[in-house]
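Take a look at the structure below.
Residue numbering begins at 1 within each chain, and the chains themselves are lettered A, B, C and D in the order written.
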Amino acid sequence: MGVSTSTTVSVRALLFASYAEVVGRGIVTLTLTAPATVRSALQQLRGLPGGLRLPERPLVAVNRAHASLDTPLSANDEIAILPPLSGG
Amino acid sequence: MAYLTSAPLDLGRLVARVTAPARGGIACFLGTVRDHHGGRAVRSLEYSAYEPMAEAECARIVAEASTRWQAEVAVEHRLGHLRIGEAAVAIAAAAPHRDAAFAACRYVIEEIKRRVPIWKRELYADGTEAWVDPTRSAGSPEGRADRTVPHAAPGDAEWGV
Amino acid sequence: MAYLTSAPLDLGRLVARVTAPARGGIACFLGTVRDHHGGRAVRSLEYSAYEPMAEAECARIVAEASTRWQAEVAVEHRLGHLRIGEAAVAIAAAAPHRDAAFAACRYVIEEIKRRVPIWKRELYADGTEAWVDPTRSAGSPEGRADRTVPHAAPGDAEWGV
Amino acid sequence: MGVSTSTTVSVRALLFASYAEVVGRGIVTLTLTAPATVRSALQQLRGLPGGLRLPERPLVAVNRAHASLDTPLSANDEIAILPPLSGG
C-alpha cells in the first residue's frame, strides 16, 4: 500500500533432487523486493554458489501447485524449483 | 487418503476400493521397475517426492478423472527404494462401462507423469547412479524450452481409448 | 492354458503371470457383474460357452495381441453362476511400455466380446430370466443384418489408446 | 470324386443358449447332399420343429472357428449356430 515498492517479501524456496544437489541445500529463505514473482526468486537462487546450474526456465510451483515464472509471490509463500519429473 | 507410500503396492486392494455393483468396468495400470533404461542395466531405483504437493496433485488428478468420466479412481505411488519388477505406481479406475474406465485410467497415469513432483534415481549394475531426466532421454539435450506445467483443464485434450 | 474357469477370478495371479523385468507397463481389465442392465434390476448371471471353441478363440486373440504389441497377455473368463460385483473376465497385458500394454489389453477385451462364443443369462430381481442379446439392446430390433464374425486381421482396425 | 453330386456328407450341428431352447436340443446330426455348405446345414436346421425361429443369417462356426454361410462342409465337420455373443 502506498510506498509498497520499498517493502520486501520473505518466501521459502524448496529445491529437490538434482537441483538440491546443485545448490547443496533443499531449503533457502529468500528476501525479495516487492512486487516479487517466481522470476525474481529464481534470479536470487541462481546467485547462490552453484545456482547458475539451475535452468533459466525450470518447472516451478507456488504453495504446492504448478506455477509460472510470472506468478506473483506474497509473504510466506512456499516456492519450489522442480527438476524434470520422473514419477509414474 | 494418502497417495504416496513406502510400502509395496497392492493392486487388489485398490480394485476392492473402487468396485461397486453399478460399475461394470475396472481398468488398472501397474508401472513396474524395468531392468534396463537408456541402454543401461538398472539394479534398483530410488523414488523421492515433494510430498505435500505430490499428494495435492494426485488428489486433483483423481478429482478431474472422477468428474470427467463418472469414475471411481484409486491410485498409489511408491517412494523409497524399489527393486526390479516391483510396482512404482498402481491405478484402478472403475466406471459403469469400460470406455470410461480405460479413459480415466489412462488419464491418471499420463497426468501423474506430467504433473506430480516425484523423482527417480537409477542405481546401475556398474555401481553408478543418476537422476532420471525424461526431457533429456527424449532426445533434447537441454530439456524442454518451456517447463511450465499448466493445470489440465479437463476437456482440453483427448484421452479416449 | 485354460482360459475358461468356474472358479472366482484372481487378477493378482494373472498380473504375476505376465510380470517380468523387461516389462515396465501392465494394463489390466476386470469386467464385473452390474446390478442393472437395460433398466432392469439384475440379481445374478449365468455364463455358458461353446467351450472348445471359446478356448481356441481366446488363444487366437492372445496370440494376436502378443505378436502385435510384443505383449505378454493373461486372460480368464468365468463360467457358471456369478453374483453382482463378481468378475466375469480378467485381463492382464504387460509390455515394455504402457502404450503397448493399454492397446493390447483393450484389444483383448474388445475381441473377446466380438468373437468368443460365450452367452450370458440374466436373472432379474423380479424372478424372470433372459438371454442377453447385445445386438438387440443396441437398438436394432432384429439384430445385425450380417452376423458373420471374420477373423480380425491385426492391422485392420486401430486399437491405439 | 466322379459322381460326387450324388454323395452325402454327415456333419454334427451344435446349437447354443437361446438357439438350443428354440429347437429343443443342442446337438443334431445332419446328412447333407454334397457339395454341402453352412447354408445347406442351416436350411435343414430351420426345417426342424421350432427351427424357423433360428435367424436366416446367424453367426456360425465350423470346426471351432468363425465361418460364413458359404463355408464348405466336409464329412464329420462340427458346425455351430451361435446366438449373439455376450461374453466379456
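Following the convention adopted for this analysis, a residue touches a chain if its C-beta (ideal position, glycine included) is under 8 Å from a C-beta of that chain, and two chains touch if they have at least 3 such contacts.
Please read all numbers here as calculations on a predicted model, not as lab measurements.
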Chain centre separation (subunit B, subunit C; CA means) in Å: 25
Inter-chain centre distance, subunit A versus subunit D - centres from mean C-alpha coordinates, in Å: 75
Subunit B and subunit D, separation of their C-alpha mean positions in angstrom: 51
Subunit A, residues touching no fewer than two other chains: none
Multi-chain contact residues (two or more partners), subunit B: 31, 109
Arrangement of touching chains [line / ring / star / complete / other]: line
Which pairs of chains touch, using the document's own definition: A-B, B-C, C-D
Of subunit A, residues touching subunit B in the complex: 14, 16-18, 55, 57-61, 64-66, 68-69, 80, 82-88
Parts of subunit C lying in touch with subunit D, wherever the complex brings them together: 31, 47-50, 52-54, 56-57, 77, 88-89, 109, 112-121, 131-136, 142-143, 145-151
Subunit B - residues contacting subunit C, complex: 11-12, 15, 19-36, 84-85, 96, 98, 101-102, 105-106, 109, 161
